[in-house]
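Look at the two complexes coming up: chain A is in both, with chain B in one and chain C in the other.
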Partner chain A sequence: MKKLLLYLLFSTIGLVLFAFSLRTGIVQLHSSLWSLLTQHTGVDATTVWQIRLPRALGAVVIGGGLGIAGVMAQGIFRNPLAEPTLIGLSSGATLGTITVISSGAATYGSRTNAASAVLFAILAAVLVQLLAPNKGYGFLLTGIALSAILTAMAGLIISISSKPGIQSLAFWNFGSLSLLTNHTLQVIAPFIEVGVIISFFVARRLDAYSLGETSSHYLGINPKRLRLLAIIAMAFLVGASVSAVGSIAFLGLLVPHIVRLLVGPAHRRMLTFSAIIGATLLLLADLLARTIFQPHEIPLGLITSLIGAPLLILLLRTKQSQWVAND
Partner chain B sequence: MIEIKKISFAYGDNHIFEDFSAVVSNKCATLLGGPNGSGKSTLLQLIGGVRAPDSGSIVINGHAISNLKTKEQAQLRSISPQRRIFELAFTVKEIFAVVKPKQRASHSGEIFEALDLYELFEAKVTELSLGQQQRVSVALALIQRAEYYLLDEPLSAQDAIYTQKLLGLISILSKTTGILVISHSTGHIAQYFDENIYLS
Partner chain C sequence: MSDISAADITLPIVHSGEVSAIKRVVALANGSAEIVAALGYEPLLVGRDVASTMPSLKTIPIDNPGHNISTETVLAQKPDLILIDSNTSPTSALITLKATGIKIVTIPSTFELKTIGEKEQAIASTLGVPLAGKLLVQQINSSTQKSDPTKVLFLYLRGSSSIYLIGGKGSGADSLITAMGFTDIGAANLAQPFSAMSAEELIKLNPDVILLMTKGLASVGGITGLIQLPGIAQTSAGKHKRVVTVDDSLLLSFGPRTIPLIPRLRADIVKASIL
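Coming up: the complex of A and B.
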């Protein structure tokens, strides 16, 4: 009952923010949103349908996807610090995008761009698997080190590339929904869908996996296969979003902590809620990014960090949110 | 029948088993004893397939476990490890839900009943006492449908009452399945078992 109320509450907040996103911007709307539903010509209609709608929908799809990716990361590494960014997925996807765009093999927002981001993300994560010592925090630390290398490589390519306009990708590196179009959204949506489906498919096994690797093997779960499936799911989710909007800081780390506090640690329920919370938070962050200093737009990553980090610190101070240490 | 056939296993230079053979029979309760470090838990991990012997083989009902998938192994045997990690605040009910309904043994209800677990269903597993956590952990193994139940030190954190209740359950289950229990102190409970394996 409490969970149903939370579900309704956050869905409603999300819907309100969504409507706000469509209404608010530099162009003042003269007609109501309702009247624009059936209208497809004129300045108001173009602004809403071609510019604001892809942006708001993108915030929902990408925010939801990143929330889910965060739950998967903490689940599969059984670690409250885990986040897709930390294990090489974001930097792999960034490098994948920069590589195909600077080489001229693909244009921004194309299917090739998204596919190569996903592919590079998978390769980065697999490389981390191969390089990491199989003990303690070896995996996360190796991920952090490899991320640094990949990010540096992406930066290097940007600075030596002669392709005009590629420097603008440096802005994109902080994350921004401003480049989203209806077309880009159509390109990335299927990738994110694949990631979401795989995530739900392995949710129950993640519950068992939380009891320990040996314990889950005894329960009939192959830990290696589970890890591979989880990495592929995260690569689809993170790779597709990075290819379209750059890497957005903090969402993947913050959302699972909020959700665990609200509905407990069972993964299937966490996935549903993290999609809603992730979408809501990104809608809010994007709305702030483009309205606070209108007409200037602030990089989204700055907003998510400025809201997300203090929120995380607050959350960690509440009693129940702690990942219980057995000591 | 679980056949342990001439296995050898070493941690580096520390040889735990050399040409060791033993049998765990069906419809029988077997007690596996021996001092600390004699390889009791290692033997369980070898049967469970998380470690592989350096030589020799382990065969369950005619199937060499090295040829079985993780899922197929779990249909033959269910194992309660010495320790499970309870660091997320799952409810006890959610912990048991990791065993899907179609994988559940028909005797699950009796297990919950006998170990007084129904009353803990809504409790958070992280807030239970060590003894309660151990009962949850052992029950999680016992509610899986399997032909053999292998329990690593299931009594170590239990008081006299629950020790009795668990031994009673083991006696009942051993009428239809094969049971292997590891204990480092075997003397006072030996009478409840049909067979003994002692590692030295």
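Coming up: the complex of A and C.
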């Protein structure tokens, strides 16, 4: 019952923010959203349906996807620090995006671009697995080191390339929904869908896996295969979003911590909630990013860090914070 | 879609018959080499600034690649006059050059139409050719255009560095757009010379024609890439692909070439506006 109420509460907050995102911006609407539902021409309708809608929908799809990716990362690596950015996925995706754009093989916002980001993300995460020593924090440290290398390579390509749409390193590192259009959203949404489906598919096995590698072995789980599936799921989620909006800090780390506190450690439930909370947080962050210093837009990563990091510290200090209590 | 390249605009050159006492000029002030040439003294130029990119000056070496003076290059050219402006850098190089005793003159820099004359006159008097200066400045006054209701918006784009800016009041382009008789819809609404471009601002301004630099348009992937930037396709200019481009170094050069550029660009914009 409590969970149902939480579910309703956060969905309502998300919906309110969604409507608010459609209503708020530089262009002052003269008609209500309700009356715009049937309109497709004119300044108000164009602004709402062609500019604000893709951004708001994008925040839902990408925020939800990153929240899910965060839960997957902590689940599969059984580590509260594991986050898509730390295990090479984001930097791999950035390098994948930049490589195809700079080589002229694809343009920003194309399907090839998103596919390349996903592929590079998988390769980067697998490479971390292969290179990491199988003890202690070796795995996370290897992830951090490899991410640094991949980010540097991406930066190098950006500095020497003048290809259209390659953007700046700041765009890829801080993230922004400002270039999102209906077209780009249609390109990345199926990729994120694939990631979501795989995540739910492996969720139950992640529950068993959380008991430890040996115990899960007796439950018939192949850890290597599970890990690969999880990596592929995360790569689809993170890769597709990075290819369109760059890396968004903190969502992947913060969302699982909030969700675990709210609904406990069962993975299916966590995935559903992380999607709702990730979407809500990103809607809020994007709304702030484009309205605080209007008409200037603030890089999204700055907002998610400024909201996300204090929230995380607060969460870690609460008594119920399971990860800290276990240590 | 139309484009004005540097080769499309011929530099107006005056001939006063005056003889300058100066023999070798290094022109480092923005666009000053172009003015020296327009005054009729191109043979005096031994070095030029990076912004004077017009085709006829191609054989004269650039002394400040990347906007930084190469002191040795300048000294090797043995100039008896160096023209600089407030943007000439680095200061350390200027101090070195001053120490050599070469005559260094600071020319006023200009970012709008109405101060071109002052800049031309300053260079003419430094060269000691006042009549040539007078002849060149005279061309400016004969270029007032009749007004036209078309709303033009200048965008400064560098897609390869995520730079997307809307030109407002003081962008430089505003003085050109106004002189052509159009409304600079950016300058009418934005007090800053440049503001970050946002989809909603574009929709609100809703220009009839978009004015860009040639390489600026290329940097976002041409007209196809431009239309994909959020907000562009929803403006009247974007819907009908009414985009006019001008060579990057020519558009805001604010020198002698600006005068013949105005009627030419005006014609392009009028043509675009009826698409």
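The rule we apply is simple: the second predicted complex is superposed on the first by the 314 of 327 C-alpha atoms of A that agree within 3 Å, B and C clash if a C-alpha of one lies under 4 Å from a C-alpha of the other, contacts with A are read in each partner's own complex, and residues count from 1 in each chain.
Simple rule for what comes next: a residue touches a chain if its C-beta (ideal position, glycine included) is under 8 Å from a C-beta of that chain, and two chains touch if they have at least 3 such contacts.
Please read these numbers as outputs of a predicted model, since none were measured by experiment.
Touch criterion not met for A:257: it reaches neither chain B nor chain C.
Legend: residue contacts after superposition of the two complexes on their common chain; A:183 is shown touching chain C, with no touch to chain B. More residues of chain A lie in touch with C than with the remaining chain of the pair chain B and chain C. Legend: residue contacts after superposition of the two complexes on their common chain; A:227 is shown touching neither chain B nor chain C.
Of the two partner chains, chain C is the only one that A:295 touches; chain B does not reach it.
Contacts of A:214 after superposition: chain B is touched, whereas chain C is not reached.
Contacts of A:266 after superposition: chain B is touched, whereas chain C is not reached. Within the superposed three-chain model, A:47 lies in touch with chain C and out of touch with chain B [touch as defined at top]. In the superposition on chain A, A:27 makes contact with chain C only, while chain B stays out of contact range. Interface residues of chain A, counted against chain B in their complex, comprise 78, 204, 207-208, 210-212, 214-215, 217-222, 260, 264-266, 320, 323-326. Within the complex formed with chain A, the chain B residues making contact are 45, 48-50, 69-71, 73-75, 78-81, 83-91, 94-95, 97-100, 103, 126, 140-141, 144. Considering their complex, residues 25-27, 43, 46-47, 50-52, 54, 107, 109, 161-168, 170-171, 178-181, 183, 290, 295-297 of chain A touch chain C.
Within the complex, the chain C residues that touch chain A are 159-163, 195-196, 198-201, 203-204, 206, 218-222, 225, 228-231, 233-234.
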